[in-house]
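Encoded as structure tokens, here's the structure I'll be asking about.
Every chain is named by a letter (A, B, C, D, E and F) in the order it is written, and numbering of its residues begins at 1.
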Amino acid sequence: MLEFKTVRIEVPESCNVIFGMAHFIKTVEDLYEALVNAVPNIKFGIGFCESSGPCLVRHEGNDDELRRLAAEKAFEIACGHSFIIFIKNAYPINLLDKIKNVPEVCAIYAATANPLEIIIVETESGRGVVGVIDGLKSKGIEKEEDIRMRKEFLRKIGYKLK
Amino acid sequence: MLEFKTVRIEVPESCNVIFGMAHFIKTVEDLYEALVNAVPNIKFGIGFCESSGPCLVRHEGNDDELRRLAAEKAFEIACGHSFIIFIKNAYPINLLDKIKNVPEVCAIYAATANPLEIIIVETESGRGVVGVIDGLKSKGIEKEEDIRMRKEFLRKIGYKLK
Amino acid sequence: MLEFKTVRIEVPESCNVIFGMAHFIKTVEDLYEALVNAVPNIKFGIGFCESSGPCLVRHEGNDDELRRLAAEKAFEIACGHSFIIFIKNAYPINLLDKIKNVPEVCAIYAATANPLEIIIVETESGRGVVGVIDGLKSKGIEKEEDIRMRKEFLRKIGYKLK
Amino acid sequence: MLEFKTVRIEVPESCNVIFGMAHFIKTVEDLYEALVNAVPNIKFGIGFCESSGPCLVRHEGNDDELRRLAAEKAFEIACGHSFIIFIKNAYPINLLDKIKNVPEVCAIYAATANPLEIIIVETESGRGVVGVIDGLKSKGIEKEEDIRMRKEFLRKIGYKLK
Amino acid sequence: MLEFKTVRIEVPESCNVIFGMAHFIKTVEDLYEALVNAVPNIKFGIGFCESSGPCLVRHEGNDDELRRLAAEKAFEIACGHSFIIFIKNAYPINLLDKIKNVPEVCAIYAATANPLEIIIVETESGRGVVGVIDGLKSKGIEKEEDIRMRKEFLRKIGYKLK
Amino acid sequence: MLEFKTVRIEVPESCNVIFGMAHFIKTVEDLYEALVNAVPNIKFGIGFCESSGPCLVRHEGNDDELRRLAAEKAFEIACGHSFIIFIKNAYPINLLDKIKNVPEVCAIYAATANPLEIIIVETESGRGVVGVIDGLKSKGIEKEEDIRMRKEFLRKIGYKLK
């Protein structure tokens, strides 16, 4: 028997969420270190679904509220070896490379400030991630004027040089 | 309500397609730069599904036809923060590492010259990638003679030394 | 028509399994080299689902039993361009970074010693990976005492310094 | 004729310096982007020694004072294809990985807040980096008590978990 | 006794040279594979200074002339475990990341189309690389107009978007 | 005043040495973790030259003898922010990538089982690495028969497939 379910993640104001797959309980400590190394004043919480033995959600962080949120959301997701991270004072582009390099990390499903809907499959053996719905569905294809505005925006905020 | 759909990608003659997950509209510029850095005469088009605000398919490229194709296919896919790239004069092995290192990129689902079928889940909130069907289903296990031919082939085209 | 199926992977005693997505038949040789480079006495078998032409499961390894197992399981999975690796005398943290860097590799779905259930979608065109169920579903959130024991354990086995 | 010279770099209060080797004038734009991607409020200046054609020190940055300093110091160093970066509001551990991944970068000689003395060799053809003296010479080997204090310090500032 | 010497490398028309440090004779095969993976029509020659046992210059490549040149220049350099690569139909930015990831590679000293002067130290025990003089010494600091021209140039040749 | 000196490193039987440049005292803990992650039964010692404040050689490891040796050799080298690692039961190719990714690491000068001679420059301000002499000077260029034997050897020990 194979059943599909969804878990909704509302990302707190000024935060971003990163959702992925890893293995081994050392994941929470290694993700913790990767994140404190990334950005001087970053605040974050990490939840990771251990999937053998006691099968507890393992959690770390340097912000109590984000840590609690990550642990609770990881428990709601409950897919073996998945992890979820909430970050503040930092953006995913600052740290996705560091997370990709954590030796336990297999995959990153999403990094976003959008509401995230996680699609899960459940069988008798357990639960697994099927996919993520990250924000809204596309409404059109950008035209000349949209391209000009996009480029201008990225150059105004300093990400690209004029 | 959870509905599954499929989008078929036919890869143009002598091209390859790369399909993945990223975030942030800067993705199209960063992928553009990663690709021009990869192979001197590469031709490509990129489409990326912005999933907040105007929710437009953002596109870049250095080949009009591949750019148009990427934008249209991304719009057909319409899964928030996914991207699709069509390349010519280059192979995925030349540039997958560069794409993995783009700071916005989360995941690569497939890199192939095969027809690709993208399995999508749609809910009230949006659309997400469930998986990809990349070419055909396996027909058997290689035997001694197949192994010999495989090795010979890779050495004849110079990818491996004899 | 879109049908979901599952393949169960039982990981042999003292082994781990890594399951992912790549492309091109050179994958088996490149994964072979990445693994022999990783750990001096590693034993392993690799199976990779070629998905065009003869569509054979390509396999390599330095342990006959693990190679046979990898080939058979890859054939049971039969999803175009997916690969499966069984390792012994080594752990995923020793080598996931090396696998991520193999130029053909797109994604890693799981790395685990747990029983693995692979969720597959099949259509008229072929088969694709939908997700993995890696071990058991979470049973709770770790408390102070669990955290203390987790940290102690990781320090006792030498992964972290006291 | 082969002559050795030294250039002294005094690192401004609350800043760090990174000194390395790259090639091609695109280096300054690519380093610029790597750095703005690294840390949200980073301030920096980059100087790079072009070594053919006009042989100008190319410079970029988002802080006028650090940019001027980097340009002047690069000109004082004047070793073909070397670069120097001054950063504020960020630490080298936040961004060394991003600099290592910039496609033009060959080597990083030093990353430090210490006074830096750069040893240079000059011949009729040009100037090259021989080595760097980064801070002071070792005065002893840490003992039990020093080790305890080092670990305590790293755990107190949150870089490592207790 | 410590003696300094220099070796001059003239880079052939339309070629680039990459000079670095590695170890183990497998280096030549691994560099070969990294390079054929990088750019479809790349031509190259590699020379590597084995520094124990027979102490031969090991060489590989897919272009006889560049291979001969690399072997001869490596022999002239003769610094234990150093390597030199001449490439055609490709640029260093296409492949420096792939070379950095070769498991035997320690360092890259230079990547350039300029004449290169390698500074070497010799003692009774052997020879080592001290530094490289890559092209000419800086002649000035770029001014507004030079910056404008640099940006225009990089955008005209398509490396950066306007 | 600029003076050149040398430090000789004799690598113990069945060991390899890795010598490089980093910064910040966290280096020793991060290198420790990178190495325990690399190979299951690895034995090693690390010494790192702190170059401000107490300027102590910081050391870690999981083998007392190698740790003592690394600390003593680092103290003999005494070049600010340099590090030295002795490893047993593992080879540099197993772990150089992991060391390159340690966030404090700037450069790797050598990885070898050969006797190593480190060339150092000393001024009034401190000491810096100029270069390394790794084993012996090249004695010739390999010929057809040497190439054949090299390839055969690498295939016999299983590093490359036949």
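Criterion: a residue touches a chain if its C-beta (ideal position, glycine included) is under 8 Å from a C-beta of that chain, and two chains touch if they have at least 3 such contacts.
These numbers come from a predicted model, not from an experiment.
**Student:** Could you tell me which pair, A-C or B-F, is linked by more C-beta pairs in contact?
**Tutor:** Contact tally favours A-C.
**Student:** Which chain's centre, taken as the mean of its Cα atoms, is farthest from the centre of chain D?
**Tutor:** Most distant chain from chain D: C.
**Student:** When the centre of a chain is set as the mean of its C-alpha atoms, what distance in Å lies between chain A and chain F?
**Tutor:** 37
**Student:** Averaging only over C-alpha atoms, locate the centres of chain D and chain F and give their separation in whole Å.
**Tutor:** 22
**Student:** Which integer distance in Å separates the CA centroid of chain B from that of chain E?
**Tutor:** About 32 Å, centre to centre.
**Student:** If you look at chain B, which of its residues touch at least two other chains?
**Tutor:** Correct list: 29, 37, 93-94, 97-98, 100-101, 103, 107, 130-131, 151, 159-161.
**Student:** Residue numbers of chain C touching chain F in their complex, please.
**Tutor:** Interface residues on chain C, with respect to chain F: 29, 32-33, 36-40, 60, 62, 89-91, 93-94, 97-98, 101, 158-161.
**Student:** Which chain F residues qualify as touching chain B in the complex?
**Tutor:** 151, 160-162
**Student:** Can you list the residues on chain C that touch chain A in the complex?
**Tutor:** The touching residues are 4, 6, 8, 20, 92-94, 96-97, 100, 107-115, 117, 119, 130-142, 146-147, 150-151, 153-154, 159-160.
**Student:** Taking the touch rule as given, give the residues of chain E at its contact with chain C in the complex, in rising order.
**Tutor:** 37, 98, 101, 103
**Student:** Enumerate the contact residues on chain D facing chain E in the complex.
**Tutor:** Spelled out, the residues of chain D in touch with chain E are 2, 21, 23-26, 28-29, 49-52, 54-59, 71-72, 74-75, 77-81, 100-101, 103-107, 121-123, 125-131.
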